[in-house]
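Below are structures written as structure tokens.
First subunit A sits with subunit B, and in the next complex the same chain sits with subunit C.
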Partner chain A sequence: MENRPLEYDYTVAKMFMLTTIILGIVGMLIGVILAFQLAFPEVNLILGEGLAEYTNFSRLRPLHTDAVIFGFTFSGIFSTWYYVGQRVLKVSMAESGFLMFIGKLHFWLYLVGVAAVVVSLFMGITTSKEYAEFEWPIDIAIVVVWVLFGLSIFGLIGIRREKSLYISIWYYIATFLGIAMLYLFNNMEIPTMLAQSAAGESGIGAWYHSVSMYAGTNDALVQWWYGHNAVAFGFTVPIVAMIYYFLPKESGQAIYSYKLSLLSFWGLMFVYLWAGGHHLLYSTVPDWMQTMGSIFSVILILPSWGSAINMLLTMKGEWQQVAASPLIKFMVLGSTFYMFSTLEGPIQAIKSVNAIAHFTDWIVGHVHDGVLGWVGFMIMAALFHMAPRVFKREIYSKSLMATQFWIQTLGVVLYFTSMWIAGITQGMMWRAHDEFGNLAYSFIDTVTVLHPYYTIRGVGGLLYLVGFLMFAYNIYKTMSARPVEESELQNASPMGA
Partner chain B sequence: MDIAELQAYGYFALTGFMVLVLYGYIYHLYSKKKDADGHDYEDYSNMALNDDIDDAPVTSMSDDKEKK
Partner chain C sequence: MFHWLEKHPFFFAVGVFLVISFAGLIEILPNFAQASRPVIGTTPYSTLELAGRHVYIKNSCNACHSQLVRPFKSETDRYGHYSLSGEYAYDRPFLWGSKRTGPDLWRVGNYRTTDWHENHMKDPAGVVPGSIMPAYRWMFTNNADIDTAFAEQLTVAQFFSVPYNKPVPMKDGSTTVVKMGSSVAEANALALAEAKLIAADMKDQDVKDAVANGQIPEIVALIAYLNSLK
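Up next, the complex of A and B:
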């Protein structure tokens, strides 16, 4: 056998790059359809009356959220893990046949899970728990996929050459542990075939149906402990892992303060788990728990801004790179959006603000400036940085990337500004009353007023989707672009015109 | 004192304790500047910057074995 020098093996990283892009397109496309359904209800019948069951808002909505969270974002997390993990631990997956097998099995089982989720949600099979819609057989499959991810993380750590674990590795480990705990506890459920009704009937309902092990308020508490921390350990922690690697690497600048990164890490871990109660303000959960949710949400600004400022200061003295490189632009605007949404979130969690914001479109706007501006930008930046290194070719087009950046930034701005106005208008109208306490408006009055903002939101989402298609095309063309030497890949990614 | 009051005191004490631990950690990081192995924390940034497979690790596993 030929004796070749050892190289990092990006096979699994490439596989997950593919699902990141495909599921990103699917999730965002469904999102745009939903946005236009809200503005123009006839879009619910886009494929005719006969197929309305499959195209209406309620059927598509979980497909949008789950495709973006568990499809696009988690593929991005896995893809970057199989890239960053090897590099900062200085060990190649080619060195372990076992880890390579686990990695590939992880990918293929994940794909089976995705297929099961898509089919079951389209059929309308759901547990009706937000972001935890999957029935028990799929839950079990997801646990297996997650255990494989864990085996891969700890397996690679086990054979590493670099003794210390880089800060990104801490964040990847936290992602693994956090999601494992959240997912298991929130999805505790009993298949209905095992249950017995008060009348003594057994074997109730379809075999795949289940009911939550928690009831009423307890179910809501566990659900939002899960729901908010899914944001923590899916949309924050692993994305911070990415930026701590990709921004320093692409810019060639050491992290501004490694100590601050350690401090922010522990701050985030301790505070985030207690903030979920803010989803249940003014509900039936104990008052002290609501207050705790509010307080911890406000404290959360500190560790979040600790990471974000650390990233912005990493560019200290090197701001010309932001102007020169669209790839750095994505990351710098990503961390700016991170700062912005981690300020907006705590503001919404303050009880008096929440009295207006709760159930309104402002919340939807908040989620999207975080996910489009921070999660989406960072994952695309990570894939842009990885592409020349895994394909050994320059990025197909720098100008296409720059155009994409501006189109998507405009999209995000249109999205969150329209939702701010819509949400606050909605909140104020719901509360308005005359001197006798009669409500001033009926629900349909708010719908009429919000129509233009819903349209603007649809346009914003469409612009983001167009940008994402440009991203997909750019990566696709990169696979056959000009080959590059290893020496060109040290820091700033090589890009064609 | 009923259970709820006990919980409240316990919660307050735990929060106070965690704040102490956090500030202790900040003090430790910024006064010592180096970890138990004698590495300046800031050197660890190099794990990302010099991450080719033949770059020298910041702290090598094999160094560790040689010491033993």
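Up next, the complex of A and C:
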């Protein structure tokens, strides 16, 4: 027993792989529909006049963002956790019946939560707060799911054999803590059924309805403290956890610098939370908060680039792998998009730039070069790396993987370039005055001018979706193929060198 | 220190938590009480307006329309006076939005009429050629949820002391009282009385008939809300 390699148990990892793929398809498909609705408004009636209420842009938009964030991305995070966690802590889930039970419960309750979210958003039951649209019953379910995730993390850590926590574990712990804190505070709300009328009636109106504990400017502050940092702890921290494990594993290279990883981790933790104020520049929150948000956003370049440079330098001397392996391509381009996106964000957070960029499509473009180029690429790369080891089969087609890479890269480039142009065009037109000091354009002029860019963006999104379907097909064919590998590949651990 | 932390997960987690909670405490807390104070002339929403606000939220109007006028000449020219913090004192949740696919609506009550909204919600491109806004025809047949709006009024009055049935100071030195029902039946009666005033300015015969029969279609509540944004 002592000298045999551990047999890890990937049951839960496999379950979450499935939801990563399915919810990814759902979220991206809705995204493509939304993109074409903006270019061609008739698409709002895609299922006819009778169902217009459920297929119209405004009803679908929260479904898109939530399916991609809480569906695709969080499934990916959970899936990689149930894979990476065991391996870097050198302990198998099969060793603990309790943790196995928690893991499965985590998955099934998550699925129930997803179903509740989909139904409620289609019905228009929403608090309106972005990425926190869910009413209180679903919030409670989400908290339970999150506690189960935490139990799984700290449970596995509790029975670990490898005493020192690998870098990825730092980031998973931070994901758990960060989201827990942000979600709880932003969703403080009072169910309206608790109120009593003067006539003594209670339980009035919809039982699921609630009202925010914060009003107006305060509500905005808490929401964007949440909104910005949910991006941090959903789209950055856990994705960095993934790349710190999967890039060294896949390339066989050791992490370039331990000190750089230390600096980037603690730097990111400290700086990120301050930056939420950049969503509220020129709003009614106090000026000093706006300035803090702006300054810390610029400082945020340091820890962000620290991680990205650490990743790119991990490939030092091994750049031929980028040409040879489509999987390495995904991760290296992902890191590059991460650098690009974390430079673009701070630029948009500078007050004078924000005056033009805010409320425009440039912001939408920024989110998408980060999410499509960094989050999406990294999660797909992680699943591609996991699939042969989890299913004990070779990847079905490497050339399909390479084709997918190029199609999706083209999609991302079309997406963000068109949104840059659209955003800056609209921002400049809104503020343009003619020689007499009157507004040069009516609002509708600044909408119709965007039509070509909206069309290009739709095509870019469609290409990305096509690539994702190729990914899903590739994984499906891998899963369903005849097993060829008797045991998993024994690569060097990222801790090794 | 870091090597030690990496071997002691509990203290590691505590360390991370301290580092990440710092910013929220310093940025959010100091201004909390001040930011929630209403400016003179800001009144709580009536039952019908609040029901309309729920229609606005239900259809995620905030996905495309902001409610925040920034202090730039181009924005004050287009939308009116820039936003003041206290004007949002009764906005739970805030509806500033993050994207202006359509124009800002924070002061739309100053320059659009009931009639305009009615036509526009039925056929946006018919009113504004080139508009990419979808039509919202179901709002003419779905009924607004007055009970829930009333429950919300009761909640904010009880938990946050929002001044319903109390004099609220106005800009001209006078005071006004926003009424809230004492029972579900009275709340519905108040909303219906307000709905009749809106319906009188509308042309859609089905909506007029519905209101005459004691029903309140969503569109009536929504227009009441939009008209209240000034």
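A few points about this structure:
One rule holds for everything that comes next: the second predicted complex is superposed on the first by the 464 of 497 C-alpha atoms of A that agree within 3 Å, B and C clash if a C-alpha of one lies under 4 Å from a C-alpha of the other, contacts with A are read in each partner's own complex, and residues count from 1 in each chain.
Operating definition for what follows: a contact is a pair of C-beta atoms (placed from the backbone, for glycine too) under 8 Å apart; a residue touches a chain by one contact, two chains touch by 3 or more.
Everything numeric in this text was worked out from a predicted model, so none of it was measured.
Superposition of the two structures on subunit A leaves subunit B and subunit C fitting side by side, clash-free. In the superposition on chain A, A:Gly205 makes contact with subunit C only, not with subunit B.
Of the two partners, subunit B and subunit C, it is C that touches more residues of subunit A. Shared-chain residue A:Phe154: touches subunit C; no touch with subunit B.
Looking at the shared chain after the overlay, A:Trp266 reaches both subunit B and subunit C. In the superposition on chain A, no contact is made by A:Ser480 with either subunit B or subunit C. Of the two partner chains placed by superposition, A:Ser399 touches none, neither subunit B nor subunit C.
In the overlay built on the shared chain, the residue A:Gln320 is in contact with neither subunit B nor subunit C. Look at A:Ser164: by the touch rule set out above, it reaches both subunit B and subunit C.
Subunit B and subunit C never share a C-alpha pair closer than 5 Å once the two structures are laid over each other. The contact surfaces that subunit B and subunit C form on subunit A in the two complexes overlap at residues 163-164, 262, 266, 270.
Taken together, the subunit A residues at the contact with subunit C in this complex read 37-38, 41, 44-45, 49, 52-53, 56-59, 61-62, 124-130, 154, 157, 163-165, 170, 173-174, 177-178, 181, 185, 190, 192-199, 201, 204-206, 209, 211-212, 214-223, 225, 262, 266, 269-270, 272-274, 276-277, 279, 282-286, 289, 292-293, 296, 355, 358-361, 363-364, 430-433, 438-439, 443-444, 447-448.
Within the complex formed with subunit B, the residues of subunit A that make contact are 5-8, 87-88, 90-92, 160-164, 166-168, 244-245, 248-249, 252, 254-255, 257-259, 262-263, 266-267, 270, 288. Residue ranges on subunit C touching subunit A, taken from their complex, read 2-3, 6-7, 9, 12-13, 16-17, 19-24, 27-28, 31-32, 35-36, 57-64, 66, 68, 70-75, 77-78, 83-103, 125, 128-138, 145, 147-152, 154-156, 158-160, 181-184, 186-187. Subunit B meets subunit A in the complex at residues 8, 18, 22, 25-26, 29-30, 33, 39, 41-49, 51, 53-55, 57-64.
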